[in-house]
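Common to both upcoming complexes is chain A, partnered first by chain B, then by chain C.
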Partner chain A sequence: MTVYLIRRLFQAILVLLFSSAVIYSLFALAPGGPLDELRQNTDPKSRPSEADIQRQAKLLGADKPWYLWYPTWLAGDTWLDKVGLEQYVGERKGILRWDWGTSWKFQRNAPVLDIIKDKLPDTLWLMITSTIISLVLGIPLGVFSAVRQYSFFDYILTTFSFIGLSLPSFWFGLLIIAVSLWFKRNGWFYFPAGDILALRNYEVPVLGTVVAGSFLDRVMHLVMPVTVLSMLNLANWSRFMRASMLEVLSQDYVRTARAKGVKERVVIYKHAFRNALIPLITIIVFAIPGVFGGALFTETVFNYKALGFTFISALNLKDYPLAMAFLLISSILLVFATLLADVLYTIVDPRIRLD
Partner chain B sequence: MAQSDVLLKLKGVKTYFFTDEGTVHAVDGLDFQVRRGETLGIVGESGCGKSVTSMSILRLLGKTGKVIEGEIMFDGENLLDLSEEEMRKIRGNRISMIFQQPTTCLNPVFRIGEQIIEALQIHQGLSGEEGNKRTIELLTLVGLPDPVRRMRSFPHEISGGQAQRVMIAMALACNPELLIADEPTTALDVTIQAQILDLMRELREKVNTAIILITHDLGVVAEMAENVMVMYAGRAVEYAPVHALFEAPKHPYTQGLIASTPVLGNVRDELETIPGQVPSLLNPPAGCRFASRCAHRMDQCTQEEPPLIKLEGDRLVRCWLY
Partner chain C sequence: MAVSTTQVEAREAKKEEYERPWLEILKRFSRHRFAVASVVVLFLMIVAVTFGPLFMPFGETDTAVTKKDQPPGTEYVVPKNLYYNSIGGDVRTAAGTTLTFWLGSDGIGRDLLTRLLYAGRVSLYIAVAVTLLSELIGIIIGVMSGYFGGLVDAFAMRFVDFLNTLPLLPILLIISTILEPTVNLLILILVFFSWTGGARLMRGQILSLREQEYVSASRALGASNLRIMFRHLVPNALAPNIVNASLALSGVMITEAALSFLGFGVKLPSASWGNMLKGVNTTILEKYTWQAFFPGLAIFICSLCFNFIGDGLRDALDPRAKR
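Here is the complex of A and B:
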């Protein structure tokens, strides 16, 4: 097991190096760059001269030829004179020496890690809440509808799942915003239509005054985006759990358990459930990178500016250090999740061994 | 024959499956009985209702199947009248069962010991040290080598033959009065088959359990059973003591079955076969169900179904020839 984990760790490092190189190459190959906006300025008064643009480029480190971008990001540019590239020497230490760089545009010169740390709590609130809700509801619903296959409840859940799977989150999000606003106009109880926290205290029927920035305020703002996000996962996971459970319920060992005189409840929740959970591990573990990634559409619709929103902005603004940091962290989490899944499999399924 | 001597008695049992394609008459009026300590062989080809019969006795037919008519009297009680809870107390306790595929019948995520102890715990309240002790006893009884270590094994770590021994240990855990063995040796190698049959015979002497042995292997029946019931398309077609059956099979179907068994050392170009196919159980034909494949067919056969006719020496046969 230890040998296996060490081997996997080395593999993980290789995968991360390779994937970051590919990602950076794609950035370099994509048309345009961080200086495009300056060059596209046609206003004769504020139009920067070519010398200004070059100075900007030097500040960002974008003056280097494309093949030096990735090495700089990885290992910094303090050592470039040793390979005969004196003109490109700078002060960057590179990701290998824990220099994540500073944002080019999103928040000019702010350290990338600070931006991410700043946005992370809001992202976690949103994603963890919706993931937990989806799991806590999805698994029992799936089991329940498998046990009562083709019952009225099963049909209701199936219908609900297909609706949940087919509703685009931006459309469903707008729909509940509209409903909430209609409630508000009628003076009924409502949830705030957007933002992470309110700026001013506000009145809601039943609850009274909600203090801006309080825990209650956060919960009020989370309800609608969490609903939208949970809808999709819930539909997905309950379907998956149902299928897995149905498969297990038709196995011979379930019949053996019944023939042994085991109570039906125990047959389902001990003999069958334990086996049905095994394939679910993959799905649950791969939700981890998603938790960090945030939710682009939902964040946009609800003006909930967390990491999903930050990432897309970084891409649009060609803020490569920020986008790279984001992608690197996502890759690390993904590689880690794969490893975690493999280890968890050995714990829940005695047939699987790592060596 | 004294009444108390009869352990299990089926009277006119009909088990139907209600499917999208229609009603499957899987078992269509079945009568038989098993005395205490007796071994009854039930023989027939695939789909004749052998396994459905056993699942009907244990009432484990699933959602689509149902015993719609008849009585299943077990020790004076009609199993069909019991509540689900009462039935559960009989399963694995007074009636237990072993199956065809021993390796898939054990739950892959629990240790072998845990799975046996579970039965002891449910029916006898044995757990902890007592449960362990009894489990080791049982595993020793079924001849599993190194039972103390094996208890901690997972099902994938043992062979098919060993798994069937574990299944037998589990089935015998509560000293059942009736053991239903549904093709217990079909999935095993021939040498292992012999071992398992020896084991079952030996245990029958020790614990005096009645056995219903379901199989399509006439050799197994000849070795194990005292009486044999031959089933065809959901009905019993012949019932006889085992030796009488092999010496002089009466029903044309039984004759065909015995003729189609390969005999070791007897080289023939081709095995005897019974021409034709088993009729669909969705719409069983009128008259004798074997008529379409029978070499002795008469006009009467396709019009009216023969009753079970009593012959000398406790034999019954469902055929107009007699």
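Here is the complex of A and C:
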């Protein structure tokens, strides 16, 4: 087990190094960059001189040739004079020494890590709420429709999950925004669309005045994005749970339990349900990297300015250090989740051995 | 005697079914009503997007400057001749004809239905091309990896593992930012990240099939590796991949739409269902809802059809698998 873990960890690190190298080198191929905008400024008064641009480039670390970008990002540039590249020596320490670099454009010169720390709580609110809601609803729905296979309820759930799977989440988001706008126009109860918190107090029928920045305000803004995310997860997870439950219910030991006269309730909830939960480990564990990457579209549609939104903005602004940090964190989380799922399986299911 | 005749007939019918497995599959498929309906709907949509634009009075980029943001059903008198293409040629619609925006017009006065049909060509083309190519690559790599085993297998599967540890959406977004792909390049990028599922499925099938007697038999008869793989193994292992492909179609379609929606997929001015939703804001949602409604509805219907057909195919091709 220990040997296996060490080997897997080693592999994971290699994968991370390799993938980040490939992607970081690809950035060099990208047209445009943070300095193009400075060059395009034609106003004679504020037009930066070539020296200004060079200084800015050095500050951002964009003055280096492309093959030095990745080493700099990885290991910093304080050591470059030792390999004969004195002109590129700087003060960066590199990701290996916990220097995540500074943003090029999104918030110029702000440390990338600060930006992420700043945005993370809002994403966590969104993702944790929707994950919990989907699990709390999805597990019972899946179990129930497996127990009553081919019943009316089962058909309804299957149809619902097909619809959920086929619904483009961003379009679903747009639709419920349209509905809430229509409710608002008619003076009915509505949920506000856009932003994480309101800037000033607003009136909602039934609830009265909602104070900007209060907990209620946050909840009001969360309802619609959480609905969209949960709808997507619910469709997937309830189907998954149903399949897993059906699998377990067809096992021999369930038949044995029934044959020896155990009550149906006990068979289902003690014998079958507990074992049917095992494959759910995958889903729960892979929800962790999903926290980082899962809400890209939903956050954009709802103008919910958290991590996913920041990543999209960073890409649009060609703010590569910020985009790279986002990618690195989600890769690490994904690798970590894969490993964690494997380990958890061996703990929960003694039949599985890793070696 | 009457009884014996019926028995004979029954036996003969059974024999016929046995000889024509495709008929049996078709019969099982047709039992899934949603799947059959989906085939019809999808067929109609494909016919519409393929031939529809030829019969539309508007071209893809024709604008009616005076008729921006018109609701569905608005009538419009064409002020000047519309041509088949922007550099002239045959008259498509003569000046003075009264036309109707059946699904309304968009923000710069283009007919939404026309745009929708042209966009459907792009979206369906991408979905089908990506799925076919990635299944093809997946099948070839899966067969080789399962059949030869050893180093080939180890190398291929490590590569699959590597691709699977990459966070798909962020990577796709980053690559599209960097390469600013055309439609065909976009297809290649999507293929690069989506062939792994098919490869794994195929490999699993081949691993169990290659030990069967008929493989040894054909090897004893002197069949080459290529012949064993592609004449004997692949046809027998294809069913799960067919199901996988039809379900993947829906995923690819939604992914492409989402990328285009964010501006990272199909670039304007060519339309795809995803990028028709690009730039939808609260004003459009409140006043011109049809502009946001119809493109999304098209994506939804298509991907629902793909999912139902996949489900029907699973019932038809793998009768042991319970839904």
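Quick note on the criterion: the second predicted complex is superposed on the first by the 314 of 355 C-alpha atoms of A that agree within 3 Å, B and C clash if a C-alpha of one lies under 4 Å from a C-alpha of the other, contacts with A are read in each partner's own complex, and residues count from 1 in each chain.
FYI, contacts are C-beta pairs under 8 Å (C-beta built on N, C-alpha and C of every residue); 3 or more make two chains touch, one makes a residue touch a chain.
Only a predicted model underlies this, so the values are computations on that prediction, with no experimental measurement involved.
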**Item:** Simultaneous placement of chain C and chain B on chain A, clash or fit
**Value:** fit
**Message:** Just checking: does A:F18 make contact with chain B only, chain C only, both, or neither of them? Give me first, second, both or neither.
**Reply:** second
**Partner chain in contact with A:G208 - chain B first, chain C second, else both or neither** = neither
**Request:** Quick one: classify A:H271 as touching chain B (first), chain C (second), both or neither.
**Result:** first
**Request:** Give me the angle at the C-alpha centre of chain A between the C-alpha centres of chain B and chain C, rounded to the nearest 10 degrees.
**Result:** 70
**Message:** Quick check for you: in the superposed arrangement, does A:P350 touch first (chain B), second (chain C), both or neither?
**Reply:** first
**Message:** Per the contact definition in the header, classify A:T256: touching chain B only (first), chain C only (second), both, or neither.
**Reply:** first
**Prompt:** If you stack the two complexes on chain A, which partner ends up touching A:L174: first (chain B), second (chain C), both, or neither?
**Reply:** second
**Request:** Determine, for the superposed model, which of the two partners chain B and chain C contacts more residues of chain A.
**Result:** C
**Asked** Now for A:L165: first (chain B), second (chain C), both, or neither, which partner does it touch?
**Response** second
**Message:** Quick check for you: in the superposed arrangement, does A:G187 touch first (chain B), second (chain C), both or neither?
**Reply:** neither
**Complete:** After fitting on chain A, the minimum C-alpha spacing between chain B and chain C in angstrom comes out at 9
**Message:** Looking at the complex, which residues from chain A come into contact with chain B?
**Reply:** 149, 251-253, 255-264, 271, 274-275, 278, 348-351
**Fill in**
The residues of chain A that touch chain C in their complex are 12, 15, 18-19, 23, 26-27, 29-31, 158, 162-163, 165-171, 174-175, 177-178, 181-182, 185, 193-194, 246, 289, 292-293, 296-297, 300, 311-312, 315-316, 318, 323, 326-327, 330-331, 334-335, 338
**Request:** Would you tell me which residues of chain C are touching chain A in their complex?
**Result:** 162, 165-167, 169-171, 173-175, 177-180, 250, 254, 257-258, 261-264, 274, 277, 280, 282, 285-286, 289, 292-293, 295-296, 299-300, 303-304, 306-308, 311, 322-323
**Asked** Which of the residues in chain B end up touching chain A in this complex?
**Response** 58, 60, 63, 84, 88-93, 96-97, 99, 101, 104-110, 118-119, 122-123, 154, 156, 167, 170
